[in-house]
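Let me begin by presenting the structure, written as structure tokens, before commenting on it.
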Amino acid sequence: MRGWRWLQLPALLCGALVMACDRVAPEPTSRAIAAQPWDSVLAQARGSTVTWRMWRGDPSINAFIDQWVAPRLLERFGITLEVVPGQGPGMVNLLVTEREAGARGSSDLLWINGATFASLRREDLLLGPWADRLPNARYIDTASVIIARDFEQDPGGYESPWGQVEYALIYDSARVPDPPRSVAELGAWIDAHPGRFTHDQSFSGMTFLKILMYALGGGVERFQGGFDSTAYAAGRDSVLGWVTRHRAGFWRLGATYPAGVAELHRLFANGEIDFSMSNNENEVISKVRQGILPATARPLLLRDGMLANAHYLGIPVNARNPAGAMVVADFLLSPEAQLEKLRPEVWADGSVLDVSRLPEPWRGRFAAQARDPHALSPDSLRRYARPEVDPEYHERLTDDWRRTIRANTPR
Amino acid sequence: MTVALRLDSMAVNFGSVAGLTDVTLAVARGERVVLLAPSGAGKTTLLRAIAGLEPVVNGSVVVGGRDVTNDPPESRGAVYLHQTPMLFPHLDVAANVAFPMRLRGIDRDDISRRVSELLASVQVSELAGRRPGALSGGQRHRVALARAIAANPQMLLLDEPLASLDPGLRQDVRQVLTRTHLDGTGMLIATHDLDDAVLLADRVAVLLGGRIAQVAPAEELFRAPATVAIAAFLGIPNRITGRVEDGAFCSSMGRLPVGGAVPHGPVVAVFAVDAVTVATGDEQAGVFGEVVELHRHLRHPSIIVQCGSVTLEALAPRPVPSRGATVGLVIDPSVIHFVPGTDDA
Amino acid sequence: MIRRGAGLAAFLVATPVLIGIAYSALASVGLLGPGSTGFSTASWASAFDDPQLLRGLGWSLWVASAATALATMAAVVVAALFRPGTRSSGVARLLAVMPLPLSHLAAGVLGVLVLGQSGLLARGAFMAGWIDQPAAMPALIYDQWGIGLIVVLAWKEFPFLALIAFSLLADRGRALEEAARTLGARGRAVFWAVTWPVLWRGLMPAVVAVFAFVAGTYEATVLLAPSDPLALPLLTMERYTDVGVAKRGEAHVLVLIGLVVGIGAVALHEAARARDRRAT
Amino acid sequence: MTSVPAMLRRGLLPLLLLSAAMPLAILGLASIGSDWFFPALLPGTFSLASWRNVVGTGALLGPALLASAALALATGLAAMVFGAFAGSAIAAATGWRRVIGAGAAFLPVAAPPVALATGLHATLLGAGLGSSIVGVFVAHVVPACGYTTLYFLGIFTVREGGHEDAARTLGAGRFDVLRRVTIPMMHRELLEALLLGAIVSWGQVALTLVAGGGSVRTLPLEVIDYLVAGQDQLAATGSLLLVIPPLAAFGLMRLALRNVELVLP
């Protein structure tokens, strides 16, 4: 899920106005529901309606939710699923506004992660802890640092994971049969093929720079455990130095950068550049199916390590139907839903389950899951996955890149 | 005879500056009063103020015996007719005439009967179904008049109804105005045209310097203008400054014996062109001068004669004398009007 | 009654905007909004300290001037050539005004699809054998001079100005042109002596409104403009959506600068018109 | 012998045709085509998939279209009424009152959307209208009223109230004048103002987001979401839906007014 500046503007605007507001204690009744026995939760959920607020920008995800999840929820649990659009900062803003106005909640379930989770927790807008009580929670791959930690934060039972993604470059196997596989090789490739590489200015592009920073700055371990300005200064200097060294080989000589990842995809698909990138290694699968990227497009991981993160489901404190929301979250964690979601023709979203913990026949089914030719192997994904760290690194790097590289001002 | 309109010391501003300062005037029912004033004197402003379209700063407006100074335009009983008729382009002729009656919620049959009557009275019955855009200028005036009468007003306020019309059309509209007989309604017709005033008016009110300078029937106005300024506005050419002493008018032309009730002291003698004729013999002539200019009016040719420091306009004799000729002039003392004071107009 | 009406109308229209301006003014000096820490001119200092601001402001003014000038010229030429009474004037008017309801967003997308180095123009050039790859196509979008953005904005604003130009010529222009012709003016002289002055005076308020709008427009700009210099609306939005609340004050400084550009254009025009009125 | 203007006219007509037809053609192609990469002049694959998102289960574009249409209509009506009154009031004022009135009308038009959004959001929150469709309506009405007020200010400045005055002295009250004279005489201007206000609302992005808190979904918001997600086919379909209704309204209005003009001289 990408936050985007168009959407962020109003959200932050709203946030701006409510920052100074007093915090109202959440209602204790909703909290109590989270502590009830599962049977009682199921009973309360039956016949109810769950309003799920989520990003609606991808037709394959929408189809999965509307045509696969919703009918099963109705059939098995008597739950009517209602999906409303909303994401990231906009949801934070909405909940704050609702609390301020004393209005009843307009959502029961939220698709969140990272910064959104942090803001919601800071504002005490999430119900919990409840996630660990879901029956299907026992299958979660708790050994994975990607799932157990959300940008270095402990979910603490206030959000339940339901998918994971890993950052990947995208290349065209027809145009670049032998792509660079490390940061060093990428640098050499850029020098050898001037004008064929760039990254965008938005969140994805800055995440790419962050990946470079970890790779050139001695690994992500150097940056873990909260923001450290010394580690940052060193990391920044190495990544901006790398960019400066290879800049002459960038698209348009590195004088301008595409606004967002959609623009980057467009340049890539039309052969203006040879690489695109994505927060989700499987985006290439759905975009190829949708005819947005060429069929020869492939994801690419750099050996130095790529960033990965999980996405979660949260329940707002003012939810009208927390019981129903918990049932939906549990269903989405079920092996059946996770497997369906993983299928390339459905969504190709990474599973958060530890397959070795699953009972048969699920273990076999996951193993037999035919992999899309565009998809990467779970092994390599796992090998190169690096966890997200303190968001301040992202902010500072973005700021410094804008002031120096983008503004074409020598440092 | 009751009064249709009475204005008492009425003051109206032109925009934000003082305009009309002290207007007092009365119009009787069935009377046609022409408001005669030079362009820019405030005729339109005065009519619009009476109708309630401009705010009255001071004084009062009484229509049909009722003080309407603070009433909105629609309840004053005074209809204002624009110089160019403001017929509603989205309504046909009959609907335009029916407009004021519709507002009063009159029965449909009654309305259509009355509309036919009114259209017949202004001789445009055959145009009932036409849109205003398809009418000639004269027809528009007729329809506008019919529509105004349909409002059954105490007063009709007509703003320069004949200005900007060609001569044929002027005749046409004049006829409609003079023939339209309205017993209960007074008419105030603004114009700057002397001929119109004479033709249309029962009485003429002269608006000069922000006030009504004189109200009189047309002949009296032209014979005895109250001030030199009025005389000048009326275009009376001969205005001689002098004194009346011992039954004679003394000026640079010499002494002219006058009779009757004549003011004493400094006066201005005002007299029309036809008061001065060319003497047939020298013994008759009161004053001699040189012909400096010939005015070839169609009906009354005149000559301009320089008599010392005084210039006189006189009826031209036949044959017309040539320029530079010396002529003797006779002034008929009985038609001289003496205005007390000096000519500062 | 009428005077009170004008005051009330002005109040109702202006209040939300004035509140916004007041909010921005207070937030820019740290008295309101997130991260506000009491009165401080730090945001102003750091906003003006950033060389991106003046470059971005200058670039936005250039793009707005060029696009407005181009759209105005096109509108005048089309309206003058197809004035009422000429052949195919009806068709031309209809075609000129057709793109009017198109959103700026769609206009930006079309700009990318047509003018990009791999856009339809480039594909046509490829088919014709003029270029062999996208990079050989001149850069019309994300370019230093904003050529593509100027073309798109001019095309988007042209129908609005053309609509006004057409009605100006239909209302007053025709009689005046006839008058000029009877006075002996011919062809080009009629245009310069009558058509152009009539259009110029009548179009001016709309031209100013277009300029103010274009200088602050975001949708097409974000799709077509380069990242350096960063156009003022883009810089403002970037500051606004920055994750760190510390930039919010700077964002409000930029909002106020954008406001000065918009209101300034209107004020300049009004002043010029007032002087013009006094002079004649 | 052809004159220079005639030659220019002949050259310009195809350009105008291109400018009018190109948006619809390209958006139309993009909405049904994918695999459209350089140097192909036409898409490689055609499908109506994106149009299923207009109507059908889980469709987003259809409901957004309805929301946009309702908002545009309501905004257009409100802005038309307000603009007519405000415009005539300001046109009738003199001196500094007129200057201030005209300046006020210019404010929402010339102010950048962010400034407008900040003020509106503060006001809406104060009125308890945050994140509601009513709040979005109010947010759209403000700039729309700016445009319609300026529009009517221009009209009433040159228009003399002769017909209204005539009606008043013929016995019509203020309301009668409005109902029987001003509205029937100005139906063209009123319709144009309605369209103007509706178009301002129709294209609104920033204000919808601010006032609606993201939960009031209009067509431009969907288009932006798709654009950001790289879903060019859906974005094109949405853009096409954004173009067609105003174009149709425009055409219908011209047609309706042409009929009126046949009756009127």
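The first chain written gets the first letter, and so on, giving A, B, C and D; residue counts start at 1 in each chain.
Basically, contacts are C-beta pairs under 8 Å (C-beta built on N, C-alpha and C of every residue); 3 or more make two chains touch, one makes a residue touch a chain.
Source: prediction; values computed, not measured.
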item: Top chain pair, ranked by number of contacting C-beta pairs; value: C-D
item: Most central chain, judged by mean C-alpha position against the global CA mean; value: D
item: Centre-to-centre distance between chain B and chain A (centres being mean Cα positions), rounded to whole Å; value: 90
item: Between chain B and chain C, centroid-to-centroid distance (C-alpha), Å; value: 57
item: Euclidean distance of C-alpha centroids - chain A vs chain C, Å; value: 38
item: Residue list for chain C, restricted to those that touch at least two other chains; value: 27, 118, 134, 237, 240
item: Chain B residues counted as touching two or more neighbouring chains; value: none
item: Multi-chain contact residues (two or more partners), chain D; value: 37-38, 114, 117-118, 122, 205-206, 224, 227, 232
item: Chain pairs in mutual contact under the definition given at the outset; value: A-C, A-D, B-D, C-D
item: Touch list for chain B against partner chain D, complex; value: 15-16, 48, 51-53, 72-76, 78-82, 84, 86, 88-91, 99-100, 102-104, 131-134, 147-148, 150-151, 157
item: List of chain D residues in touch with chain A within their complex; value: 34-38, 43-45, 49, 53, 57-58, 60, 114, 117-118, 121-122, 125, 128, 130-131, 205-206, 209-210, 213-215, 217, 224-234
item: Touching residues on chain D, where the partner in the complex is chain C; value: 5-6, 8-9, 12-13, 16-17, 19-20, 22-23, 26-27, 30, 37-41, 82, 85-90, 92-93, 97-98, 100-101, 103-120, 122-123, 142, 145-146, 149-150, 154, 199, 202-203, 205-206, 220, 223-224, 227, 232, 235-236, 239, 242-243, 246-247, 249-250
item: Touching residues on chain C, where the partner in the complex is chain D; value: 2-3, 5-24, 27, 77-78, 81-82, 86-88, 91-92, 94-107, 109-110, 113-114, 118, 120, 122-124, 126-127, 134, 155, 158, 205, 209, 212-213, 216, 218-219, 233, 236-237, 240, 251, 255-256, 258-259, 262-263, 265-266
item: Footprint of chain D on chain A - complex, ascending; value: 2, 4, 6-7, 9-11, 13-14, 17, 56-59, 62-63, 65-67, 83-87, 90-91, 93-94, 97-98, 100-101, 106, 260-262, 265-266, 269-272, 287, 290-292, 294
